[in-house]
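We just call them A, B, C and D in the order they show up, numbering each chain from 1.
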Amino acid sequence: MDIKQLYREIVNEHNLNPEHKGKMEDPTIVLRGVNPSCGDDITLSLKVSDKGIIEDAMFEGSGCAISQASVDIMAGQIVGMTKEEALKMASTFMGMIKGEVTDEEEIESLDEAAALRDVAHMPARVKCAVLGWHTMEKMLNGDND
Amino acid sequence: MDIKQLYREIVNEHNLNPEHKGKMEDPTIVLRGVNPSCGDDITLSLKVSDKGIIEDAMFEGSGCAISQASVDIMAGQIVGMTKEEALKMASTFMGMIKGEVTDEEEIESLDEAAALRDVAHMPARVKCAVLGWHTMEKMLNGDND
Amino acid sequence: MTAEDFRQDFPIFQGNDYVYFDNAATSQRPLQVIDAVSDFYKRSNANPLRGLYDWSVDATDRYEHARKVVASFIGAASETEIVFTRNTTESMNLVAYSYGMANLRAGDEVVITVMEHHSNILPWQSVCNKTGAKLVFMEPDEEGYISREEYESKITERTRIVSVGHVSNVMGVTNPVKEIAALAHKVGAVMVVDGAQAAPHMKVDVRDIDADFYAFSGHKLMGPMGIGVLYGKEKLLDKMDPFLTGGEMIEYVTRDSATWAELPHKFEAGTVNAADAVGLEEAIHYFEKVGFDFIREREIALTSRIMEGMKANGHVKLYGPEDPADHCGIVTFVIDGVHPHDTASILNEDHICIRAGHHCAQPLMQFIGAGSTARASVYFYNTEEEVERFLKSLDGVRKVMGYGY
Amino acid sequence: MTAEDFRQDFPIFQGNDYVYFDNAATSQRPLQVIDAVSDFYKRSNANPLRGLYDWSVDATDRYEHARKVVASFIGAASETEIVFTRNTTESMNLVAYSYGMANLRAGDEVVITVMEHHSNILPWQSVCNKTGAKLVFMEPDEEGYISREEYESKITERTRIVSVGHVSNVMGVTNPVKEIAALAHKVGAVMVVDGAQAAPHMKVDVRDIDADFYAFSGHKLMGPMGIGVLYGKEKLLDKMDPFLTGGEMIEYVTRDSATWAELPHKFEAGTVNAADAVGLEEAIHYFEKVGFDFIREREIALTSRIMEGMKANGHVKLYGPEDPADHCGIVTFVIDGVHPHDTASILNEDHICIRAGHHCAQPLMQFIGAGSTARASVYFYNTEEEVERFLKSLDGVRKVMGYGY
């Protein structure tokens, strides 16, 4: 789909009415993620249970529509997943956006996030799309630097 | 004339059998002149009378054939001249070599030195040809730095 | 000649419908410039300055001729005052390190504006850090103008160096560099001018400005990417130590020490980029064929229409002066509710090239309170039709972004 | 393919009878390279790295692709270890200032050879002056070889940096950089290699050498004049401060401070020379088409004949190794009783281009006791006929200079 369509059909909904934007009470992990060249600047909060299940995900901050939509979609999808499932999903997502993962079945496993696949044709926006995912990956890997 | 001819007819004689190469006893002024990029390195000695007449000129040092021949020719010609005449000649010579003086009469006033006029077509050798003259100019202008 | 006539000289505009409005980042190059670079490689290619054979002599002549043309282009007293660098950034680093490091002491001040490009900030931050000098920022008013009160209050007896962009690459304003230079000289400071955005748009006369140093890039005035210029007054360059050291810039070298070649070679270490210097000369010839008056007239016409269209849009916030004649072809803006990066991506879908981001001027972004802005910048070869396409596309952005209007 | 076939690709050789034997100063460029530079300007010209529109993305892709090609050309582990500079000289200055200044203390030693090009001497002189470190010179034997005893005696516990030319631009010898690197690492020093004369002639593998830094110039291997390379190990580059500062190399900038972009951008300040990087990529492709084996074979054949002819002349003093295979195409010589500048001028009259002078290696000239030497340097596109013309002209020089024979 072309980029205007991408905005219309996927990005806008999450950018204008994000479901997971806001402050979380008592998060387990909090990490700031930043794209210096774009000015995208988000803070992701996760609530992870003792069993390693992600029970809630929220973000704050500002950035372009693609970064905001992508993190909102992500937050919606990872709730209920185990750490491992979320990490696997992040790796598939980033692979798709970088054009390295092209297998249809794998991409479909991403569910709603798969809709962002056309960002792969916008190399300048790859960083925007992966910001949230990359931040989550760091958090779950305990790489909170 | 072409360059090989220039060497054969003018340069070699002065380069191989310079008349004014050697040490001068009791010079009035001595100055070293150097072309760093070529390695030409001469020391010019002048004997100037109280009345400002150049009574003797000698040089030592080494360098390419063109620099050696040019300074030897110069030394031969300035003996007997007043400071002013020698300075005028230097300026005509340097003008000729740089292609700025082209008037035939002026060039002929240089006498034997006029034979070096074809160095004007060898831009890379201009510095060699003017080294001795430039050094003399500095000496007579009292610019012995 | 019209803009359309000149466009024919630019290969990149042929056979596609892209609207190139990122001229402040880099201009396009006419075939004449591209061919001049090729021609150098095809006819005169040799290492200049040292060879005694015809090709090297020819390469040297062409390189040094380019220097003469640059000197007369900016009104330098002599071509020995023209140092070829890679770009404005290298020129500014050269001044900061070779002049700044040697002349700044703790307590001294370097005065710049908050509108500067990073190239005119970071080298000074670094030199100030190392010497203990203080970096002082002049601030513009709402429209981007630096007032007389502002520069008179910031430039003081402690000021050693004043370094100001001739034209801001975000606001488009032309700074009063001549007046600032006069004041700088009055307090005994040197005046450095970053002319990257000015040289492509106006007649620069370094002696009229009385700039001590003046820097610009070839690629912004239709020249190749690998060549920039630093003008410096001979009496200052003479006393400065070289910046880069290596081949071609020496007189004598022993194991322990070295003496430097004469100006300007002292500042040009290593094999020179003669091909791109020759390209820059050709760019200057092309530029002079187009003419300053034509360039200015076209920029004002296009900028006026852009600003008018943006105001009519109703959702566009504009930066810089009210007067389109004071924009040097640069229009910086933000669409309400739309991140500039999204604006740029959507415009790109319509084959319209604009820039979005911090424009290498983050302190200015912080000052005007915008994380990021969009920028359209035109040059004389742009057309009214392109402006209309741009405005139409712009008018559609908020719809694409899901706003009702 | 023969040398004659390849020559057809070089516009400068067409329609004239010049013999170009100054390849060690700069090589000639094939049409493929010249056209690649033009093509960039005609199709993809935009400021790379920052733009969100198609042309800028394309410019970025082509620029970064060139980096990948360079990385694999010299066997780097990753393209993030490849910094584009203007030339070897800038690369060496970068290492000397960004690494040397930060890591040298009074009493430390920097070890180089007396054969180095000024680009690998002056930056170290300057850094040693500023830090109080000592510059130590390894000396070669008669033929130009650095012996194991020599480097084992000069590289000691005090050594912090060893910086050696991979191939000498005067002697033509290849230095044992791999062995020297091993010793340098043993004493805890870093190994810098000036590869300006090596990269155009042999397979360079920075990881096999275990070089910490490796520098070379595009223009010596058929690329454009405005591009050079600095390879650096990631773990070292990571810890180094930037050299030039300005646009494109930052992450955040405030009025007082800045943080740097990731590698390799941290070291590439200002608008990059993407066009020449693309030209260098094309040169590497061309180079690989010709092949190392062919290049070496041709160089040995031509060098052997040159040395043979010079020995037959009877009045020529030769420098460097006895073995023509150890010359990398470089033959440095002096004709008895004839100043090298006169030799070069006389050869030029016969349209033969050689270099004469100190070859930017004055300490070596002092060491071998020659004020100046002549140098003929061949490349794979030179021919046997050219060598014969060169030798014939050379044989006539002493006659022209007035000697009986």
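A few comments on the model shown:
Just so we're on the same page, a contact is a pair of C-beta atoms (placed from the backbone, for glycine too) under 8 Å apart; a residue touches a chain by one contact, two chains touch by 3 or more.
Predicted model only: the values in this text are computed from it and were never measured.
Fewest steps needed to get from subunit A to subunit B, stepping only to touching chains, is 2.
More contacting C-beta pairs link the chains of A-C than the other of the two pairs A-C and B-C.
Remark: subunit A and subunit C have CA centroids separated by 39 Å (rounded to whole angstrom). One simple way to say how far apart two chains are is to compare their mean CA positions; for subunit C and subunit D this gives 31 Å. Taking the mean of the C-alpha atoms as each chain's centre, subunit A and subunit D sit 47 Å apart. Among the residues of subunit B, those in touch with two or more other chains are 37, 124-125. Residue positions 50-53, 56, 250, 252, 341, 345, 348, 357 of subunit D each touch two or more of the other chains.
Those residues of subunit C lying in contact with subunit B across their complex are 50-53, 56-57, 60-61, 250-252, 259, 261.
Looking at the complex, you find that subunit B touches subunit C at residues 36-37, 123-125.
Taken together, the subunit B residues at the contact with subunit D in this complex read 2-4, 7-8, 12-13, 15-16, 37-39, 41, 62-66, 122, 124-125, 128. The touching residues of subunit D, when paired with subunit C in their complex, are 11-12, 18, 20, 22, 25-26, 28-29, 33-35, 37-38, 41-43, 45-47, 50-56, 86-90, 92-93, 114, 117-119, 121-123, 125-126, 135, 137, 217, 219, 224-227, 244-248, 250, 252-258, 269-276, 341, 344-345, 347-348, 351-357, 360, 362-363, 366.
Contact residues of subunit D toward subunit B in the complex are 338-342, 345-346, 348-349, 357-358, 371-372, 400-402.
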